[in-house]
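Next, two complexes with chain A in common: one pairs it with chain B, the other with chain C.
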Partner chain A sequence: MDENSSARLKRRLFGIVYRVGLFLAMLTICLPGLWIVLSSLRPTVEIMAKPPVWIPQDISFDAYVAMFSGIGKGGIPVIEYFRNSLIISVTSTVIAVAIGMAGGYAFARYRFRGKSGVFLGLMLTRTVPGIALSLPLFFLYVRLGIIDTHFGLILAYVALNVPFTIWLIDGFFRQVPKDLAEAAQIDGCTRWQAFWQVEFPLAGPGIASAAIFAFLTCWNEFALASQLTRSVSAKTLPVGLLDYTAEFTIDWRGMCALAVVMIIPALTLTYIVQKHLVGGLTSGAVKG
Partner chain B sequence: MATVSLKKLTKRYGNIGIVHGIDLDITDREFIALVGPSGCGKSTTLRMIAGLEEISAGSIEIGGRVVNDLPPRSRNISMVFQSYALYPHMTVRENLGFSLKIAGAAKDDMDRRVAEASAILGLDALLDRRPSQLSGGQRQRVAMGRAIVRDPDVFLFDEPLSNLDAKLRTQMRTEIKKLHAKVQSTVIYVTHDQVEAMTLADRIVIMRDGYIEQVGTPDEVFRRPATRFVAGFIGSPPMNLHEATIDDGKLVFASGEKLPLPAQFKVNVATGNKVVFGLRPDDIYPTGHGISSGGAADVHQIELPITVTEPLGNETLVFVEFNGSDWVSRMLNPRPLKSGERVTMSLDLSQAHLFAVDTGKTLRS
Partner chain C sequence: MKGFKPSAPFLLLLPAIIVLAAVVVVPLLLSLYSSFTPFRLTKPETFFVFVGFRNYLSILGNTDFWWAFGRTVLLLTIALNLEMLLGLGLAMLVEKATRGQRILRTLMMFPMMFSPILVGFQFKFMFNDNIGLVNNALQSLGITRDAIPWLIEGHLAFIAISIAEIWSSTAIFAILILAGLLAMPKEPIEAARVDGCTPWQTFRYVTWPFVMPFAYIAMTIRSLDVARAYDIVKIMTDGGPAGRTELLWTLVARTAYSDGRMGMANAMAYFSILLSIAFTVYFFNKLAAARTQIGAEW
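This part shows the complex of A and B:
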C-alpha cells in the first residue's frame, strides 16, 4: 500500500471516529432532556422501575391534563407561574441588556479612570454564588417590603445578569471598528445617530446572544426565586416545580410535565433568535 | 469649496505634545499633501481638521469660519479613511447615500446624486453589493464615492492607498488626480509615501515630530529642500548625505577625501564650518551616463570603486564607495558594470546641497 492510499484511509478512519465521538457527546447532552419528556408521559411505576424501562409501555398525557385541571384535581396554577416567569424574565432581560449595552459600549470605546478596576470588580461579582446572597437578600427584601414581588426578583436578576451582559457586549463592540462611527459622524450623524445607525446594527448579533443568555438565566433560575417568592402572585415556573413535592412523596411525572412546559418557550426563543446570530457581519468593513 | 487655515494648531495628550502650534494656509481648490514619517502628527492634524480629535490650542478655519468646536457633521467635510470604513451592513448604494439619508434628502435627489458619484467612479455594476463582496480597489472607490456624494467644501484623505497592492496603488493615484480635476475641491491628503505626495499635490507639507519642516510645491521641496530632513525624506532613492568640514574652499570628509566647495555656497560658509553635504543620486553618474544641469565647470570628475549595482532596466542604481560609505548614483542608458570595477564618476556640484550640522537648515541663500 503506498503512502497516499494509507493517508487517505487514515483520514477516512479519523472521519468515522470523529462522527461517532460527536454522536456520543450529543447523545449524552440530549439524553436527560429525552428522559424528562419520556417520564412526563408514563406512569410513576415505570419511571421508578429498576432496571430502567427504556421503551415506554404505556404512554398517556394525564400529567398534562391534570396540570391544567385546577386546584383539587392535581392541578397547579401553571398559567400564573408562566405569567410571572415571563414578566420577570423579559423585564429583567430588557433592563440588563440596556445597561449592558451602555456599559459594554463605554468599556469598549472610552478611556476613563479606574476602568480596569471597575471591570474587574464587575467580573468578581460573578464569583459569588447567588445562593450565598439569598439569606441577606431575604432579610433586606423583607425590610423593604419587596419580598414576594415581581419587582424584587427583577431587581435581583438584573444585578445577576448585568456583569455578564456588559462583558459580552463589550467584546462585540470592540469588534466594530472605531472608524465606522467616525465615518458616520463625518457623514452627518450625531454621536447618538452614529451609534444607532452603524454600531448598534453591527453589534446586534452579540447583543441578541447576550439577551438570550440573560433570559435563560432568569427563566431557569431556582435558588434565589425559591427564597424570594412564596405566593402564586410572584412564584416562577422553576419554583412551581416544588408544588409537586409533598411531605413524603414526589410526583415525578407531574414535575417532568411541568419541566417540559418550561423548556418549550425557552427552546422556541433560542431557535428564533439563533438565526440572527450570524457571525462575521462586520467583515468587509475595513481593509481587505 | 473653501480655504482652510490652521493657526498655531496644537495637540497635546496630557504633557505629551503631538502637534506643536503649526500654521498653514490652504487656498481654495488646492491639493495639499501632508507627508512625514509615522508619528509626525500628520494624521492627528487631519483628524483635528475633521473634528474627530479635539484641539488643545490654536484655531482651524474652513472657508473663513472658525470650526474649532464644531462637530464633524457641521464642518461640511468628507473623509476617506485608510481602512475605507464602509458600513458593512449596507449595500454600496446605501453606503453612498447614507449621508444624504441622514440629511433628510428627498428620494429622487438622493438617487440622482448617488448615480452621479457612481458614474464618476464606475461603480454602477456594484451598487447592490455589500462591502464584503468587493475587492480592495473597489472598496477604495466606494469610499471615495461616499465622500463625493456629500459635495463637501474640503476632502480629507487619510492614507487612502496604503492598503492596496503596488499596482493598484499607482492606478488609484491616477484616479484620485483625475477626480480632483473633475470635482475641483480643496483636498488635504495625508500620506507617508513621498511618491504619492509628489505626484498628487499642488503643495507638499513635510512634517516631523509635530512641526512643519517645509511647505512648497513638489519641485521646490525636491530642488530646494529647506532642511536636511526634507532632503533625506523626499526623493527615491534618497539623497546622499554626509558630514564634512569646510577647509579653504574645499569640503573635507571624515575619511580625509575632498571635494571642491560648490560655487553657490561660497559666500555662506567659512573655513572650519561643519556642514552636511547632500547630492541626489541623479547628480552622480558614471561619466557619459547622466545629464548635468549646470555648466561643465560644476561637474567634478572622480574615480571610484563600485560596490553593488541594481539594474532597473531603463537605468541602473550604482553604489560607489566614497568617504568610507556607499553613495548611490543613477546611471542612465546603462551598460554592464562589475563590482569592484573602478569607474570615473561625474558629480554635478551645481545641484549639491549644504546644511548646517547643528540646526539642519539649508545654507543656501
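This part shows the complex of A and C:
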C-alpha cells in the first residue's frame, strides 16, 4: 500500500499549493484597493512615515471632513462633482438603454441583410479612442456653445454606450425563447403588446444589468470628460480627482478619500449585476 | 425594401444609427478634414487652409511619433497576452474551489469596478519611490536597500504601467473564461480521463477548445476599449520621464491641447483609430471562427 500513501501525500501537497496560490492571487487583486481605503483613514504623518507604518495606529476621518468642507479649507467642490456625475450618468444611461433596447431587439429577433456587418459597424464606433474623438467634439462643442455643459457630455456618453448596450441587450433577448412571444400573438396580442408583456419582463434583469454597465462606463469615464468640461458646473468626479494634484505635490490622503467616494457606488452596482452581466456577454457562445 | 415601407429592424436600429452618426461619424469626418489643414486652436482662420498630406508626411518622419506608436503596440501585446494567461489561471483556480466560489467570484471582479483613472492614481501611489507600498515592502523584506525609482526611470515606468493595466483588466478575462468553464459539460472530460489522457492533454484538447470562444469574447470587449490605457498613463507618468512612456494617445492629447496643433493631432489620432479598429476586427473574426467551430448560432 506504499503507492496509496504516496498518492495521498501528493494530493495533500497539491491541495496546500493550491490554497496558497489562490490566497496569493486574491491578495494581489484586493490589496491595492484596501490600501486606498486604509490610506484615506490614516493621518498624513503615517502615510509619509519612514519606516512605513503598516497597521494604522489611529483612525481619523479628517480627510472626508476636509473634502466636504469646501474650497479654502483643503476641500474640493465634491458635492457639485458628485451631482454632475450623477445627472450625466443617469440621463445618458436611460437614453442609451432605450436606444439599445430597440437595436438589441432588432438583432435578436429579425434576420436582415448585412446583419453581421451592421453589428460590426456599430461596434467599431466604440473602438474610437476617447481622446481621438474628443478632438473634433471639442471643436464642435465650442462652436455650438455646449462645451462645459451637462448636455454636451450626456450626448457624448450616449454614443459611447449605445454599441455595447446593444450587444448586451441582444444577448438577453436571445435567451428569451421566440415561441413565447409567438404564443402570445396567437392568443391575440399585437407584436407591441407581446413585447411589453412577455419578452420585456423576461429580459428585464438582463436589461437592468446592461443599464448598470452603461452607468458605470459614464461614471468612470475620463478621457472625454477631461477635455469637454472646464468648470465646477460640469466637471465629473474622475476629473475632480485631479484637483488634488498641484504642480509638484499630491495630496495622497485627500485623493484616497475621493477615490473611496467614487468606488462605493460602483462597488455596490457591480455586485448587483455580476451574474447577469456574464450571462449577457457570453450568450451565443454556447448553444441554448 | 418592400415598396416604400422601411423594414422593422431598420426602424428599430434608426435611433442608434442617428446618434452614432451625429456624435461619432460626423465629428470624425470633420477631424479627417482638419487633418489635412494646419489648423491651430489659436488661429481659427487656418482651418480653411488646405495643405494636403503635409501633416501625414511630417508624421512619417517624426521619430517621437513612431516610438510612441511602437510602444503602444508593445504595451497592448504584452498586456493582452498576460491578461489572457493570468485570467485563464485565475479562472481555473476559482473553478476548482469547492466552497465559497461565489465570494471568490465577487472578489475576482473587484478591479473591474475601478475607473481606469483610479487605477492609474492608485498605482502611482503604490509605486511612489518614497512612500509607495511596493518600495516599502521590498525594503522591509530586505530585497533591496535603495528605493527603486519606479516611475522615474523609463523602463521601470513602462513596467509599472503594464502592471497597472494588467491588474485592471485581468478580471474581464477571468470572469468570462470562468463562465465558459462552468458552462462546459463534464462528460467529455471524464471520457478523456477514462481514455487515459494526461491532465495536460485533457486541458489542451478538451477544455481549451471549448473555452476559446469565451476568451475571444473577452478579447473583443477589451479591444473595444484598449485606449483606456490613456487614463492610466496620463495619471501615472503623463508620458514622462522625458517621453519614455509616451503612448499614441497621450501624444495626441499633448499635441492637441498643450501645443494647440489640432490639424497635426487629428492626423495622429487617425493612426490610433486605425490601430484600434485593426485590433477589434482581428478579434471579432477570431470570435466568429471560434463560434462556428463549436457550432453555435450567430
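Criterion: the second predicted complex is superposed on the first by the 233 of 288 C-alpha atoms of A that agree within 3 Å, B and C clash if a C-alpha of one lies under 4 Å from a C-alpha of the other, contacts with A are read in each partner's own complex, and residues count from 1 in each chain.
Just so it is clear, contacts are C-beta pairs under 8 Å (C-beta built on N, C-alpha and C of every residue); 3 or more make two chains touch, one makes a residue touch a chain.
Small disclaimer: the values here were computed from a predicted structure and weren't measured.
Residue contacts after overlaying the shared chain place A:Gln227 against chain C, while chain B stays out of touching range.
Of the two partner chains, chain B is the only one touched by A:Cys189; chain C is not.
Between chain B and chain C, C touches the greater number of residues of chain A. Of the two partner chains placed around the shared chain by superposition, neither chain B nor chain C is touched by A:Ala66.
When both complexes are overlaid on chain A, the residue A:Ile212 reaches neither chain B nor chain C. When both complexes are overlaid on chain A, the residue A:Leu202 reaches chain B alone and has no touch with chain C.
Look at A:Leu140: by the touch rule set out above, it reaches chain C but stays clear of chain B.
In the superposition on chain A, A:Val37 contacts neither chain B nor chain C.
Once the two complexes are laid over each other on the shared chain, residue contacts for A:Ile87 go to neither chain B nor chain C. Using the contact criterion defined above for the overlaid structures, shared-chain residue A:Asp179 touches chain B, although it does not reach chain C. Overlap of the chain B and chain C interfaces on chain A comprises residues 281-282, 284-287. Across the interface of their complex, chain A is touched by residues 50-52, 71-73, 77-79, 81-89, 98-99, 102-103, 130-136, 139, 146, 150, 163 of chain B. Of all the residues in chain C, the ones that touch chain A in their complex are 7-10, 12-13, 15-16, 19-20, 22-25, 27-28, 30-31, 34, 89-90, 93-94, 96-97, 104-118, 121-123, 125-126, 130-131, 133, 136, 139-140, 167, 171, 175-176, 178-180, 183, 213-214, 217, 220-221, 223-228, 230-231, 234, 249, 252-253, 256-257, 262, 265-266, 269-270, 272-273, 276-277, 279-281, 284, 288, 291, 294-298.
On the chain A side of its complex with chain B, the touching residues are 177, 179-180, 182-191, 193, 197-198, 201-202, 281-288. Interface of chain A with chain C (complex): residues 18, 21-22, 25-26, 28-33, 35-36, 39, 47-48, 50-52, 98-100, 102-103, 105-107, 110, 112, 116, 118, 120, 122-133, 135-140, 155-156, 158-159, 162-164, 166, 216, 219-223, 227, 238, 241, 252, 255-256, 259, 262-263, 266-267, 270-271, 274, 278-279, 281-282, 284-287.
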